[in-house]
Amino acid sequence: MNNSVRKKAPFGAALDNTTSLFAAAAIGLMTTFAAPSEAQAQDSSVKVGFVTFLSGSAAGPFGVPARNAAELMIEAINAGAVPGPYNTAGIGGSMIDPIFVDENSKQKNADYLKLVEKDGVEMIIGYVSSGSCKAIAPEAEKAERLTILFDCGTPQIFEEIVTDPKYTFRTGGHATMDSVAAARYLVATGAPAGTIAGINQNYAFGQDNWRDFSGTMAQLSSDTEIATEQFPKIHSGQYGSEISALLTSTPDVVHSSFWGGDLEAFIIQGSARGIFERSKVILSAGETAMHRLGAQMPDGTIIGARGPHGDLAPDSELNSWFRKAYFDRFGTLPTYPSYKMAQALLGVKAAADKAGSSDQDAIIGALTGLEWEGPSGTVSMALANGHQAIQGTAYGTYKYDKDTSSATLVDIIHFPAECVNPPAGANSIDWINGGFEGAKCD
Amino acid sequence: MIKNLDRTEIGLLIALPILIIIAFILPKWLVNYVHVSMGTGLVALGVMIQMRAGLVSFGQGLYFCVGGYAAGMMAKFYGITDFFVLLAVGILAALVLSALLGFLLRRYREIFFAMLSLALSMILFGMLSSVEELGSTDGFNLPTASYLGWSPTGETAQLTLYTLTCIIAIGCAIALNRFLKSPIGYINEAIRENELRVEYLGTSAHKAVHITYVLAAVVSAIGGVLWALPLGHVDPEMTNWTTSGQFVFVSILSGTGNIIAPMIGTFLLEIVRVYAVEISPNTWQMILGTVMLLTIIFLPKGLWSLITRKKKATRDDGASAPIAGE
Amino acid sequence: MTTILETKNLEMKFGAVYAAKDINISIQAGEVLGVIGSNGAGKTTFVNMVTGYLKPTSGDIIYRGKSIAGRPTREVTKLGICRSFQIPQLFPELPVIENMLIALTIAKQDRPVLFQPAIDGALEDEAHALLARFNIDGYADQEIQTLPQGVRKLVDIAMATVTEPDLLFLDEPTSGVSADEKMDFMRVLIDALQTTRTAVLFIEHDMEIVEAFSPRCVAFYEGTILADGPTAEVLENAKVREFVIGSEYHRSSSDSTQQAGAT
Amino acid sequence: MLTAVAIAVDGLGFAAWLFLSSVGLTLIYGVMRILNMAHGGFYALGAYSSAWAIGLYTATGSTVAFTFLLIPLAALIAGVIAGLVVERGILRFMYGRDEVLMVLVTYAIFLILEDATKLIWGTDSYVAWQPAFYFGTVEVFGIPYTVYKFLIIGTAIAVGLALFYALNRTRIGKLLLVVIEDREISGALGINVTLFFTATFVLGAVLGALGGAITAPEISVSPGIGAEIIVLSFAVIVIGGMGSIGGAMLGALIVGFARAASVHLYPPAELFSIYLVMAAVLAVKPYGLFALAESRKI
C-alpha cells in the first residue's frame, strides 16, 4: 500500500526480477506439476471424484450427509457388503478410490478440470447446487469425462443447457416433481386450499419451487388465491417478520421449500407462534429436519423428501440395510441427500457390473437408459436420451409417536414418475400451465 | 512508444510469450487456473489502483459482474458470440455505470468508500437474484466465443481464448502501469497521503478519484468478460461481497508495489487454495487463513516485498543510506 | 502599487460564535505583511476563508477585481493565491523530492492526463532547483516523516510556491523552528520569495521577526482587526500592547506543548 | 393498522437482535480502530456454545428456567476465551498497522475460527428451542409473539443502557474515552492502554458471542451462520456511524424497520432492502448518522 512513486528507481532495477519471477514460476510449476499425474494406480482401482459442500451453510444439511453416504457405500461396495444384487466387490471388478472436493469454491470449473486432469479421476459424482450443475454440465461434455449429477434440481440442465448429453447424467429427479406432487398431495387429502401462501428462499431453487407449486395449485383448484409470497434472503435465519406476514394474511396453506438451518429455524419460530395450527404447512424438504426436531415438528405438517427417500422410501432389504448401516456408523438416520448419493453410486455399480468393466465408455453405455433398484426404489434413466432419471415421489403427514419418541410419517401417498414429471421433451413450466398434458396418475 | 517502456513493461512484454508457451508445456488443469486467474487478477488490479489512492473497494465484484453479465446477455438475447463485441459491450456497460456512480462515490474515503461500494454491489446482487429470465441465483450459460466470423471449437477454441486473454491481460497491465506513473497516478498517491494538500495545489481530488474509479471499473469488467467466457457461465455470486472481499485480500497479500503483483498473487492464492482442499477437504479454510495470517505477519507489505526487499539488500551493499520505513 | 486582494466585511460564524467579524484588509502586489494576534484571534480563519477552505458567512473577497468568496480551494490556487500551513501538510510517507514532483505535476496539468509518464528529467531538475531555492536540496531523498520540523516547514512552503502564486499566505512559518534559528530561517524564506515578487502575508507570534521582515502589520483580536498600519505604529498601539503583545511575551515557553496538542 | 403494528413489533425484534450482534463490533472499532471480521466467528462461537450447553442441560430433564442463566454464561465463557486468544495471541503484535491490513488479519482469523467451530461441534446443526418456548406467547393485536422475543428486546435495551452508563458515568469509561481520543497522550498520562485494548476486545468478543447465544434458541445453529452476520453488522454500524454505541442502536432500528416494512409491504425487496438503506443513508450522511467528530487539521 505504500510502495509508491519513490519506487521509480527500484522498479528500474526490477527487470531481472520481473522476468526471472515469471521464468522461475514457469519452470517451478513445470517441474512440480508436470510430473506424471496420469500415473495409474493398480488396474483394479478406479478413481472417483466426489464434489459436495464440505463448508458453508449447505455442508450440514446436504454436503456432509452425502459425503457420509459416499464413504459408507464405497466401503460396502469395495467389500461386497451391500445386499444383493450388489453383493459383489467393487464396480465392474474395480475398487473405488475416492477423492473428495469442496463444492464451496469460486472456481468450480477449474476445480473440476483439476480432478479430471491432475487427479486423473475416471468419473465425477457430485454437485448439490443447481448453479454448479449449470456450470459443470457443459464442462463435462467438453472434458469428455463421465459426470453424474446426484442432487441438483433445476430442470434446465437437459432442457436448455446440454440438450444432447453424452457424458453428463443425473440420477435424481428434478425439482418440478417436488412442487407438483406437493400440490397433488394437498388436493388428494382434501385439505382446504382456498388461499395459499409461500415462504421460500430468495434464490433460484426457492423461486422455482414456489412458481411450480402455485402454478400447479392454480391448475388443480381454480379458485385458489395467493395470500402472500415471502422470499427471505437465504440463510437469514430470522423469520419473525415473515411469520407475522403469514399470520396476518391467514392463508389455508403455507408452502415452503426451505432446507437446512433455515428450515429448522422456520419450524422453531413458526411453531412457537402457532402458524402450524392456523394453516396447513407443506415442507417440501422437511424430511431432513424431522428426526432432528422430533416433538418440535408439529403434527399434521405435510413432509416431502425431494423424492421417495428417507421415511418415504419403500420397505426393502436394501433400504433397511442402508438405514441401519448409516445409523450404526454416524448415529443419525440418513436423510435424502444420503439416499441420493447412495442411489447414484448404486447406479454406477449396476452399470459397471452390467458392462463387466469400470471403463468410462462401458459405464456410459450401460448407464444410458438403465433401470436399477436403489434404497429409495426403482430409478430409471428415461429422459434426455437416457441421461436423466425419473423416479416417483411421495409425500406424507408428520406424526410424532410419543410412546416410542420417534418421528413418523402417516398417510403416505406415492406418486408415479409419469404423474409428477413432464414427459420427455416437454418444458416443465409449459407442462404445468398447460394442464399436465400426458400425465399418468393411475 | 517502445523507447518509453520502463522495466516493468519490458518484463510484462517478455512474460507474454512465456505465458502463451505455458499453455503448451504445463498440464491443462494448471493452465486453466492461470487462465481464470488472469480474469480475476484484472479485477484485483482494479482494486489495487484504487488502493494507491487510499480507496479500498469492497464492491469491485460489481463491475466484474457487470462485465460478465453484459457480455452474457448480449449472447443470450441477441445471439452475438463475437469475442470483440462481447468485450466491447462489457467495457461499455461498466464505463457508463461507473461514470454515473462515480459522481456519488468520489466523495467518499476510507471505510465509507468501502462500505458504500459494498452496498452498491449488493444491490445488484439482490436484483440479479430475483430476475428469473437471467436464471436468478443460478445464473446462465454463455456460448463459445467466435472471432470476427471464425468459430473455432474444442482445443483450438480454448487456446485462442487463452492467447487473447493473455494479450489483453498484459495489455491492461501495461496500460495501468502507465496510469500509475501518469499525473493522475501521482495525484492518487498524493490523495492517499494528504488530500487537503492536493486541493491546495490546485487540482480536484474528486475528479482524480472519479477517473480512477471508472478505470478500475473498466479493467474489472474486462476481467469479468475474460473470466466468464472460458467458464461459459455467469451468476450473481460474481457481485457478492465475499467475491469482492477476495479481490481486496489478494491485493493486500500481493502488495501494491507493482502492477504484476496482484496478477501473480491471484494465481498463487488460487493454487494454495487448491492444495489446501486437496490436503484437507474439510478444513481447507483453516489452512488458507493461516497462510494469509503468516503472510501478513512476515510480509506486511505483501508478497511483492520479497522481491523489492531482496533488491534493496543487493543495492544497499553499494549505497550506504538506510531506507527508512521499509 | 496595485491592490490585488481586498476583503469587505468578511465574517465567519460557527453557531453563535464569531470566528471573524468585519475583516477589511487589502493587500498590494509584492508587499510583505505580518499578522499578529493570540491563538483563536481569527488569523487562520481569515486565511482559510480567503483560500476557499471555509466559506464566509457573509462579506466579500475581491481578488484582482473579481469576487472569489466561496470558490473552492483548487480554483483559488489556480487564480494565484496559495498558502503554507501551521502544521505542514505534506505527503509524509514519500521522500521530499517526490513531494515536490507531485506538486509540480499537479501545478502543470490543465486537464487529466492518464497514460503518459508524469515525470521527466526536466521536471526533476525543476524540483531540485525549487528545493535549492529554500536550501533544502540536501534532504531530497529523505522521507518527510523522518525530517525535523523546520525542514518540513520549508518543504511545505516550497510546495506552496510551485504554482508561482501572486499572493502567498504563510501560517506561522517559524513555529517549530528553534528560537535562535528563526531569524536565519525567515531570511532564507523572504529572500527566496522576493525573487519572484510574490506578495506575502505571514502569521507570526515573534514580534522581532515581524519588525524585521514586514513593513506593515495587522493585529487580530477575538475575530476582529485591532490595528492595521506600519509595523512600528501597530506595535506601539496601546490596545495592541494590552491585548496582543502582552499575552505574546509569555508565549515561547508554551509553544511546544501547543504544537503537540494541535497535531 | 394491523400491518403497522406488525411492522413495529417485527422491526423492533429484528433490531434488537441486530444491535446485540453488532454492538461489539462498533465498540472494538471505536476504541481500537479495528474493523473486526472475526466478529462473525465470535457470534458463531456464542451460538454454538449456548445451543450445545442448553442441549446437554435439557437432556438431563431438569427445569428449563435455568437455561436463561446458561445463555449469558456460555456467551461469557466463549467470548472471554476466544477474545483473549485472538487479542493476546495475534492482534497485539499488529497494533498500529494499517486499518485495511487489520481487516485482512481479522478475516484470516475468521476463516480459522470457522473451521475450528466445525472441528469442535461438527457440521450437524444444533437446535436448542426450549428457552424460546418456555414463556409461551402473547398476542399483540391478535398476532402471537413469543415472550422470548421481548426478552431479547429487553436485553438489547439493557446492554445499550449499561454500555452508555459505563462509558459516560464511570471512571473506567471516562478513561476509555481518553484512550479513544488520544492513545499516545493517555499512555503518557499513565493509563494502561494495553490493558484497555485487551479488555475492550474481550468485551467486544463477549458481546458478539452474546448476540449469537441469545438467538441460538430461535434458530438452527449450523455452519455458516457467522459469515451471514458479518456484513449485516457492518451495515448497521456504518449506518449509525462507526464506533458509536448510540449509532449502532439507531442503525439497528433503521435496518430492522426497513426490513420489516419490506417484508410486509413489498417482499421481493427484502433481499437488498438493507443495502438500499445503507446506500441511501451514506448518500445523505457520508459518515453515518452519529459520526465521531474529526479534530481540526489545519
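Letters A, B, C and D mark the chains as written, and numbering starts fresh at 1 in each.
As a convention for this text, contacts are C-beta pairs under 8 Å (C-beta built on N, C-alpha and C of every residue); 3 or more make two chains touch, one makes a residue touch a chain.
Keep in mind that this is a model prediction, so the values were computed, not measured.
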Chain ID, smallest distance between chain and overall C-alpha centroids: B
Contact-richer chain pair [B-C vs A-D]: A-D
Of all other chains, the one whose Cα centre sits farthest from chain D: C
Chain centre separation in whole Å, for chain C relative to chain A (CA means): 71
Gap in Å, rounded to a whole number, between the CA centres of chain C and chain B: 43
Approximate Å spacing (C-alpha centroids) for the pair chain A, chain D: 34
Cα-centroid distance, chain A relative to chain B, in whole angstrom: 34
Multi-partner residues of chain C (at least 2 other chains): 89, 93-94, 98, 101-102, 119
In chain B, residues with contacts to at least two other chains: 51, 129-130, 181, 186, 189, 196, 252, 282, 284-285, 325
Multi-partner residues of chain D (each touching 2 or more other chains): 100-101, 114-115, 118, 227, 268, 271, 297-298
Residues on chain B engaged by chain C in the complex (per definition of touch): 4, 175, 178-179, 181-187, 189-190, 193-194, 196-204, 207-208, 211, 215, 321, 324-325
Chain B contact footprint on chain C (complex, rising order): 51, 72-75, 77-78, 82-83, 89-94, 98, 101-103, 105-109, 112-119, 141-143, 145-146, 159-160, 162-163
List of chain D residues in touch with chain B within their complex: 35, 90, 93-94, 97, 99-101, 103-105, 107-112, 114-116, 118-119, 227, 231, 234-235, 238, 242, 268, 271-272, 275-276, 278-279, 282-283, 286-288, 297-298
Chain B residues within the chain A interface of the complex: 6-8, 10-12, 14-15, 18-19, 22, 25-30, 32-33, 35-36, 51-52, 129-130, 132, 135-141, 154, 181, 186, 189, 230-233, 235, 237, 243, 246, 252, 255-258, 260, 264, 270, 273-274, 277, 281-282, 284-285, 301, 304-305, 307-308, 310-312, 315, 325
Of chain A, residues touching chain D in the complex: 1, 55-61, 63-64, 202, 228-233, 235-238, 240-242, 244-245, 247-248, 260-265, 268-269, 272-274, 292-293, 296, 332
